[in-house]
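Pasting the structures here.
Two complexes come next, and they have one chain in common, chain A, joined by chain B in the first and chain C in the second.
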Partner chain A sequence: MDLILTNGMNLVYAVATLALIALGLAVVFGLLGVMNMAHGEFVMLGAFSVYVTQQAGLPMLAAIPLAIAVCAIVGYLVEWSIVRHLYSRPFDTLLATWGLSILMRKLVEAGFGRDYKSIDQVLPGTVDVFGIAYPSYRLLLLAVIAIFFGLLFAWYRRSNTGARIKAMVSNPQLAAAVGIDTARLARMTFVFGVCTAGLAGVALAPLVRVEPYMGIDYLLSSFFILVVGGLGSLEGLLIGSSVIGGTDTVISTLFAKTSGYMAVLLISILFLWLRPDGLFSRR
Partner chain B sequence: MAFSRAASVVAFAALLAVPVVFDMFTAYQLGLYLIFGMVGQGIALCWGRAGFLPLGQALFFGMGAYIAGAALKSADGNLVLLAPLLVLAIIVPALLAALVGLLVFNRQIGSGPYFSLITLALAMLGFQLANSADTITGGFNGMTGIPGLPGFDSYGNLYFVVVGVLAIVSLGLFWLLKTPFGVLLSATAQNEERLQFFGFSTSALKAAAFGISAGLAGLAGALYAPHQGIVTPQSVGFLLSAEFVIWTAVGGRASIAGPVIGAVVIGFLASELRDTFRYWEAVIGLIFIVTVLKFPQGLIGLAELLKRRLSKADGNTARIRDINAPAREAGGAPALAFEDVRVTMGPVRILDGLDFRINRPGIHAIIGPNGAGKTSAFNAMTGRLPLTSGGISWRSRSLADLKPFQVARTDISRKFQIPSVFPELSVDENLDIALWANRTGVSDLFSMRPLRWRSDLYDTLTERFPFLKDGGGGIAGSLSLGQRQMLDFSMTYLTEARLVLLDEPCAGLSASETGAMIDAIAAINSDLGSTAIIIEHDMRVVERLSDHVFVMHQGRLLAEGDIAAVRANPDVKAVYSGGTK
Partner chain C sequence: MERRLFIKLAGSAAAVSALPAFGTALAADPVKVGVLLPQSGPGGLFGPSCENAANLAVAEINGAGGILGRMIEPVFADVGGPPSDANQAALKLWKGEKVEAFVGMHDSAVRGALTNLFKGQVPYIYTPVYEGGECSAGTFVLGETPAQQLEPVIPWMAANKGASKWYLIGNDYNWPRDTNAAAKGYIEASGGTVVGEEYLPFTADNFDSNLAKIKSSGADAVLITLVGGASVGFNRAFASFGLPDTVVRLGTLIEENTLAGIGAENSKNLFSSAGYFANIDTPAATAFSDAYHGKFGADAAALNSLGESCYEGLKLLQAMAEKAGSLDVAELENAAEGTSYDGPRGRATMSERHVSRDIFLAEADGAGFKVVETFPAVSAGRNCS
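Coming up: the complex of A and B.
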């Protein structure tokens, strides 16, 4: 019973963190059509923000504004200099952001070194949940992710900005014609997307290995989630995260960590090949 | 042409002189970069020619390296055993890639960013496998102690083997790009759908290109194993894959020499700067971004720009055509049948019980108001629009569920409303592709003879439209709209298909051009005795060309007959004059 419960909690945790990681790409790729190959590098920037704040002796919460600031500035510059010229040309965005990812990795490597960074535990210790001891930080993270997604969902459905974004996504010319500043809206959407990637990096930093090359795994799993779940909806994001996270957790628990990873790769290749529009697509 | 040939000879002479002029260590380093450059040449074939980007090419490189490493270790200097095993290092990656390509490209058309992601994921998978299968690959520490090629010293004369292989590969690619296969690869990148309507399976073409590129990567890997003496999972992984793409892009993705130049230049710069300038690799990332955005043709493109400034462009004359293209067999009598064809998309009924037959040669016209389903009828016939119910048959063969290229192979040729040509190929090459349609076997694709093909119809068409011959060397994209219509029309008929579908062939033409086009359609169609279906709005054109008119309305056939009968039909009058039924 305890074993099932522990594994169940782990599964929920895996799905929730994956959804958080993929959210930024869901926004940037799902809404704007930008195949952001540097998505994982923004996650990496967030994780390094935690490293920097801890090195400076500040509490972890200070990493949140730092990550937002760094990702917003970098994202703004990237959108302005590269991405805005390439909207609706996914193949070119793939190439340009692929170069960007190399640039970001190498810059961070040059600044901080290639080695793994040690991040101090935050909220060490465990909490009793239904009779099992569960790490407090993970539990807090689960709660924060749930609240964050709830707020985001409500905001996107009800706010004016959400409606404008939907208008821009379905018909950019018409949206511009009725007075929506699509260039600015797209830029803000892009910046928002990469900032959530950075925040995911902050949240996960105490739990994962932190080094300049960490991004690629997050990039691929995010793309896989979107491919499995389909683009353009929060439901798809959650379904994709469940399939990818569920496969990984179950296979990893039953066999070995690498088998879980390979199973995810195989499933994703099959989806990319057979159902690139995903299980849950509005298109 | 002569210029680049001379340049290549000089370049290879210089490569051979490197061990003498510099030292053996420089040659050793250079050898490694040349090996990497060969992988880039394969990527350039896919990316610069066929238009799709493989992002995980290290998978095939590492595969070749592991196979060659295992072969060298187990053969123990026995050449009889070694040679076939080394061939496997090329064949296995090539077959794997061709298989992956066939599976993926069969379902996805275009440059497909998803294909790139699949190759990237495959490389990640390969890395995991190489890492975990330690009994075969040596795991994380790699396969070590690989002996050199028998009789060759890794730090010495192996360099000349590398240069020799590079020369052979480059010559082979040079030849390949000149063959019909090479022309068709470029055509695939420019207008994949149009090529399918000439009966070419573009997925097979792309899979073949991917297979060749993987074979090259495997060959490079087979040289890498004896050169380095060790193969680690890194040779399979995503980081090396990324570098291959960078070298290819910076050197020039559309050329043969470019990727090698890119690998050598960046390789030597890296070995000079890596230790002194810590931001060096970030600079490489920046260079890649700038290349992709501003100089897609890379260093070679810049060099060619300079060359063009210096020398005048060569003439635009058509090439010599002195071999008769194989004759097309006449086939049977025309028999096209639409049987209660329905196509629905969501709530919209695009075709709603369309039912008609065509049983004699000549020009048949389809008219009807916008949205009547005329073009949709063509689409349903040619594999672009899946049928909801009903059936379409041509010479008693069902056309439902066929792909466009399979439809084209049943002797159907189609011209789209907007002129659809291969813009960056020469007019001559555009005409070539039409002449090759349904006339080439696999062996013809790798022979230079089809480049000299002619047919009687080719002569007729070039007499009617002289620009096809006089401007044969110029690229099709620089033609005027009217000329592109005429080129597209000529290509559609050059296939000598028995059933020709023409969708508004006179759209966008001036009055005099329209006259010339009508004359051409009437004369050529009756010469060939083909069956043509023409969609047209202009009743004067219909009147001149056709004695058999179908009127469509709301996805159904409204009337059929000669033009007078159709004009007298009350239903037709009601639709066209806005009356109610």
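Coming up: the complex of A and C.
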């Protein structure tokens, strides 16, 4: 019974964190069509924001504004200098952001060194949940992710900006014709996407390894989620995270971690081959 | 001024090199030694400390007259990529730069490619911790084998830490698998049992299913052969679930960088077994550490067993060459058995192209390691079968 509960909690945790990690790519790739190969590097910038604030003796919450500021500035500059010239040229954005990811890794390596950075635990210790000991910080993180996605979902459905983004995504020319400043809207959407990637990095920093090359894994898992879930909707993102996270957790628990990873790869390949639009696509 | 400086320099250079070798050194060409190390890829973290350590060894050896009266000229090459690239880099040094000996600190896949390339025609010293079993002619191995890291340590863990039910977890390749194969024998001999064994892909960053299995298996000890980032992530998650209070951890490749990533508060009851730690408290190790930081600064790349092994590699080359009176690979082969030298790790003695040496068991203590037991002159086991 305890084991089932532990594995159940782990499943929820895996799905929630995957959705958080993939959100930034879902926005940038799903809405703007920019396959941002530097997605993981923005997660890395968020994690390093926590390192910097802890080194300065500040509480972890101070990392949130820092990460937003850093990712917004870098994201704005990248959109303005590179990405805006390449909309509707997906392969070129892929190459350009791939180069950008190398540059970001190397700059952080030059500034902070290649070695692993240890982030102090936040809320150390465990809490009893129905008789099993579960790390307190993870429980807090689960609650924050749930609230965050709830607010985001409501905002995207109800707000004016959400409606404009949808208009821009489904027909950019028409959206521009009715007076929507699509260039500015696209830039803001890009900046929002990379900022959420940075926030995911902040949230995960106390739990994972932190070093300049940490981003690559996050890019891969985010990509698998979008392949399965489909582009352009929050529903697709959550479904994709559930399928990828669920498969990995269940197969890894029943068999071994290698089988779990293989199952994720197989599912992704099958989707790319047989159902390239994913399970839930607005496109 | 220029002429004066030249005369001064030439005079002192002659004096320095003439003293130990009685003048013959003046005529000798430098001996080029290829130092193969990862400057990129997953092992790139260890490139800087290895390069520093090798340069320190070269400076010391040259300062004392070189190898057989010839100054060493190190030639560095990056072998952090795939084996085919490493082969190209080594071939360039060997045939192009006329390198006369190689010292390599890289993974076993690259070692396999290099022994095929060299075919015993050039001396090659392999320095890092590895899975054992290398038996190629002309290849001399310095690194710790599973036999060295585990044979004395597992009984110690059983006697002093009550480790009896072991869970073995590692990345999915030959070093963890071979290490665990050896470990099983030592665990049985110590009266313990293996309650679980699992191998993870390098991409794994979620260890929850493994931790649940460790918990439900009732293990009281975990043998960790995860490497680098995987080890950092696993150990952090392990601690977040509160497991260190009841389960001890032993790793055979948890060095200073990995420990820094794990963090002091996540490293309770974490042990590491190796031939070198930056905190070994012996005169030789302290002198080495002082010289290293004196030469490269207080915040030079942190010392660790892999980086330091590059220093040992050049020391072993010197000791073997001096015993053989030559750098010719056949003569080195004949003279190698029984060669010994003293380095930061203590005395190393060559036997079957491996070395027997002291092994240290250290416990994580804040940001560093504290040696809790030293096992003297541990044999590398049988590697040629």
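The rule is simple: the second predicted complex is superposed on the first by the 277 of 283 C-alpha atoms of A that agree within 3 Å, B and C clash if a C-alpha of one lies under 4 Å from a C-alpha of the other, contacts with A are read in each partner's own complex, and residues count from 1 in each chain.
The criterion applied here is as follows: a contact is a pair of C-beta atoms (placed from the backbone, for glycine too) under 8 Å apart; a residue touches a chain by one contact, two chains touch by 3 or more.
Only a predicted model underlies this, so the values are computations on that prediction, with no experimental measurement involved.
After superposition on chain A, the partners chain B and chain C are seen to clash. Once the two complexes are laid over each other on the shared chain, residue contacts for A:261 go to chain B and to chain C alike. By the touch criterion defined above, A:72 reaches neither chain B nor chain C. By the touch criterion stated above, A:127 is placed in contact with neither chain B nor chain C. When both complexes are overlaid on chain A, the residue A:62 reaches neither chain B nor chain C. Shared-chain residue A:252: touches chain C; no touch with chain B.
When both complexes are overlaid on chain A, the residue A:220 reaches chain B and chain C alike. By the touch criterion defined above, A:167 reaches neither chain B nor chain C.
In the superposition on chain A, A:12 makes contact with neither chain B nor chain C. Common to the chain B and chain C contact sets on chain A are residues 220, 258, 261.
Chain C contributes residues 44-45, 48, 172, 198-201, 203-206, 208-210, 212-213, 215-216, 229, 232-233, 236-237, 240-242, 257-258, 260-266, 302 to its touches with chain A in the complex.
Of all residues in chain A, only 3, 6-7, 10, 13-14, 114-121, 124-126, 133-135, 137-138, 207-211, 214, 217, 220, 248-249, 252-253, 256-258, 260-261 touch chain C in the complex they form. Those residues of chain B that touch chain A in the complex are listed here as 53, 55, 103-104, 107-108, 111, 113-114, 116-118, 120-122, 124-125, 128-129, 131-132, 238-239, 242, 245-246, 249, 278-279, 281-282, 284-286, 288-289, 292-293.
Within the complex formed with chain B, the residues of chain A that make contact are 35, 82, 85, 90-92, 94-96, 98-107, 109-110, 213, 216, 220, 223-224, 227, 258, 261-262, 265-266, 268-269, 272-274, 276.
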